[in-house]
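Look at the two complexes coming up: chain A is in both, with chain B in one and chain C in the other.
Showing the complex of A and B:
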């Protein structure tokens, strides 16, 4: 029985992976569609990274800080040192991880609400520092960033899509392995009861910092990927909605699971893009807010828990 | 630095502090009774400001009289939020409260943008040209009225909490929910009341903010709300005197510190303006306090 369920899960995973790989083949090189898919992949990385930190019970409301730092560092070093973007994104990720450890140090002793406020504050601080250092960051106007694949290459968008897909798959696999490792178990134990975890001999500080570092690293990479896709970066990457998107995606998909952030990102992006075709603007955000409230109240374990719910009501 | 300039800024800080205090007291009350932190509190301030704006625009009566109406209106909205959103998730974990508040923030901000556009709204206070001179400094009358109003609100609130049966029941609920329920207090009604009162105080803050010449837009709530959180974190969750001290300190510090830093770096021949760092300074203070004392300065151990 248990084996069956695991098999179904791997089956769904493999099928969706194959689908993701052949989408450009089936639907052709559609600029709009591939752009949407690329952004979806970026946010799958981002949400999965946020979810990893949430696994330790630390819900950050300011992950845009890492997203933006990764993007800015990557953009600045590609512009000044001439590094190719594909290398620079990792430098951006490492820098974000470094900042993540620093922020983690201030946060590890805090309870949920305080941590939420302080991380939110760090995003605002990052925003102010960026706008106040125009010689480095271009101030409010931002700076250009090299494209991941040069636009002069034919079908560049397709290559970009496949690079993003490979990175996203790698990140999800790494995060999956981490959650199954000692670290993942330790993080869950810390979330359930920090004191008990400590008593059991888990080094709470070390694992919380590790969660911060890994989460910030992948978030930085996601940020760098996004700006190398768009070709520019402005302080808007520190916006409140950039911090909130991974939360919305993770919750609607299913917190603390691997599939949750992926499913949530895909479903919400799909709804979002459908609403866009109707030309709705504020209504979209209102709907997202309502969806979030309804999911927290009626489906606290997210969309991934629906099959289980159905099974339980029809045994 | 000129002394009169400093005094002027001090009054400005005092006035900003009053808004933070009103917000923080409401948050504190809700937290005390329900043990819930409403991150969408700033959106209640925004709705309060819009309520005041529309009542004023449609009726044209003295804006200071409108505050009471805006408070009642927001009190009703607060009851709905409590019943529909927070009650179903009570006791399911603190992360859920944070996430639910995010949903409320999205909902209210964009509803306001949809209904009333993102354009800035303002009210022309009848006293906006009047100012009181004390020595060399000139204080706008509106600031003084706001400071007086805040003091009156605080006294009324304190009297309500200490002298009335309802206030006592609310304090009992916040001290020990189970015991209060056993004593025959309808604790769920206390939840509703605390949310209504907290929302009404946010509406008072919002309408005072608007009347004093600030502009209203759908996104105006986030920054004051964050400051109010800083205030209750610094002052300690559940502590009203702490909130007053921290609110005034924050209001003054964030207005005076940029000037101090500016004149300090001026000593080294660097001329740089730090007014853009105002909000950042509030957060630095918050973070430093929390690093030293994760439960806040006046906060009790644990929560």
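Showing the complex of A and C:
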């Protein structure tokens, strides 16, 4: 029984991957649709990275800090050093990871709410520092960022989409491999019972910091990808909504799973966009809130648990 | 040969000192019991040895090497394993995953070594093999305690420390736990036992130390302490 469940899941994964690759072929180069898909991919990377940190029992309420730092560093070095964005995004990721380790150090002995509040405060600090350094960051106005693919190239949006898709697939595969490795087992043990994890001989400090670094790295890359898609960056990248989206996506999709953040991001983003086409600009916040509450009450293990739930009610 | 040597150990939680100049030692192959009432500092002692707490002063030597101040994962790697009080397991993981985590240290993690350890603990606890796919949290209290002991064994410890392994178990299970401890000792594992179940523990032990208010106040052979006037009055209610 366990085997066929795995097969169903891999099957769904492969089919959706193929779909993702042929979307531009079937639907043509639709600027609006591809833009939505690109943002969806950015947030799949971002949510998967947030979820990896959550897997170690560390819930961050301020991940926008890493998202923004990755974006700003990448924008600044492409502007000043002339590096191509595709290289700069990794520099942004590394810088975010470095900051992530520093934050991780302050969080090692903290748990749950205390940790969440520290990360929350950190996003505010990152925002303030950015607006106070106008010569570097452009202050409140922000700075332009080179496009990932120059807009003068025909069908640039399609190339952009495929680059994002490849990076997203790579990130998800890497995170999947990490969770299946010894590190994944250690992170899970730390989340379940930190004292016990220590007694098992797990270097808790090292793994918590590694989770912070890897999560911040991919979050930084996601942030850099987003701003190189939009072509500019402003301090809005540190917004509270940016911190909360990956949490909303991961919880609605299924915490601590690989598919959860992916599914959650896709489903919620599409509901969000559909609501907009109906002209519900502000009402959609209420509707998304209601959907979230319903998911948490009726599907505490997220959308990924639907197949199991159906199976259990129709054996 | 002395395996573990504790000298002048002082430990405090912030400003409250709980261990005062605690000294004792364990020879290779022995079963040694730490006795004492609630709050005497028994758990603090084993946690400090394991590296979960830092001592203010004093020395801890294991196999002729100082291990005082080392982080827990290095102490486990050196060959000391603790079964903490209260059957702390990973409830949402399967029995097998719990055991695999027990073999996390470099010394025990190689696949063939791990399979060997699994065979060993399954022989000691046949119930665990039947239940290896079950979530650990869904087992009974006694089975969870067996799992906690089995998991500590997966790191192939030279010294196994058990913190109140009989706490909250039904009398028949208590006997089983003590049987297992005896069997492990016969297979060459040195044992430090923290117990309130004085009668059983002393009957099993080669030697015992009595802790009171954070100080070692008595030392003796297990059966000698059983007939000691002070121990009788304080712990056996006679």
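Assume the second predicted complex is superposed on the first by the 315 of 315 C-alpha atoms of A that agree within 3 Å, B and C clash if a C-alpha of one lies under 4 Å from a C-alpha of the other, contacts with A are read in each partner's own complex, and residues count from 1 in each chain.
Here, a residue touches a chain if its C-beta (ideal position, glycine included) is under 8 Å from a C-beta of that chain, and two chains touch if they have at least 3 such contacts.
These figures come from a predicted structure and were not determined experimentally.
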A:192 touches, of chain B and chain C: first, second, both or neither? second
Touched partner set for A:133, first chain B, second chain C, both or neither: neither
Which of chain B and chain C A:200 touches, first, second, both or neither: second
Contacts of A:274 with chain B and chain C, given as first, second, both or neither: neither
Partner chain(s) touched by A:306 [first = chain B, second = chain C, both, neither]: neither
Touching partner for A:173 - first (chain B), second (chain C), both, neither: neither
Which superposed partner A:8 touches (first chain B, second chain C, both, neither): neither
Chain A residues touched - chain C or chain B, whichever exceeds: B
Contact footprint of chain A on chain C as seen in their complex: 50-52, 71-73, 76-77, 81-82, 84, 88-93, 97, 100-102, 104-105, 109, 151-152, 155
In the complex, chain B residues that touch chain A: 37, 39, 85, 88-89, 92, 94-96, 98-100, 102-111, 113-114, 222, 226, 229-230, 233, 276-277, 279-280, 283-284, 286-287, 290-291, 294, 303
Residues of chain A that touch chain C when the two form their complex: 182, 185-186, 188-189, 192-193, 195-205
Chain A residues touching chain B - in the complex, by the definition given at the top: 54, 57, 59, 61, 106, 109-114, 116-118, 120-122, 124-125, 128-129, 131-132, 240, 244, 247-248, 251, 255, 282-283, 285-286, 288-293, 296-297, 300
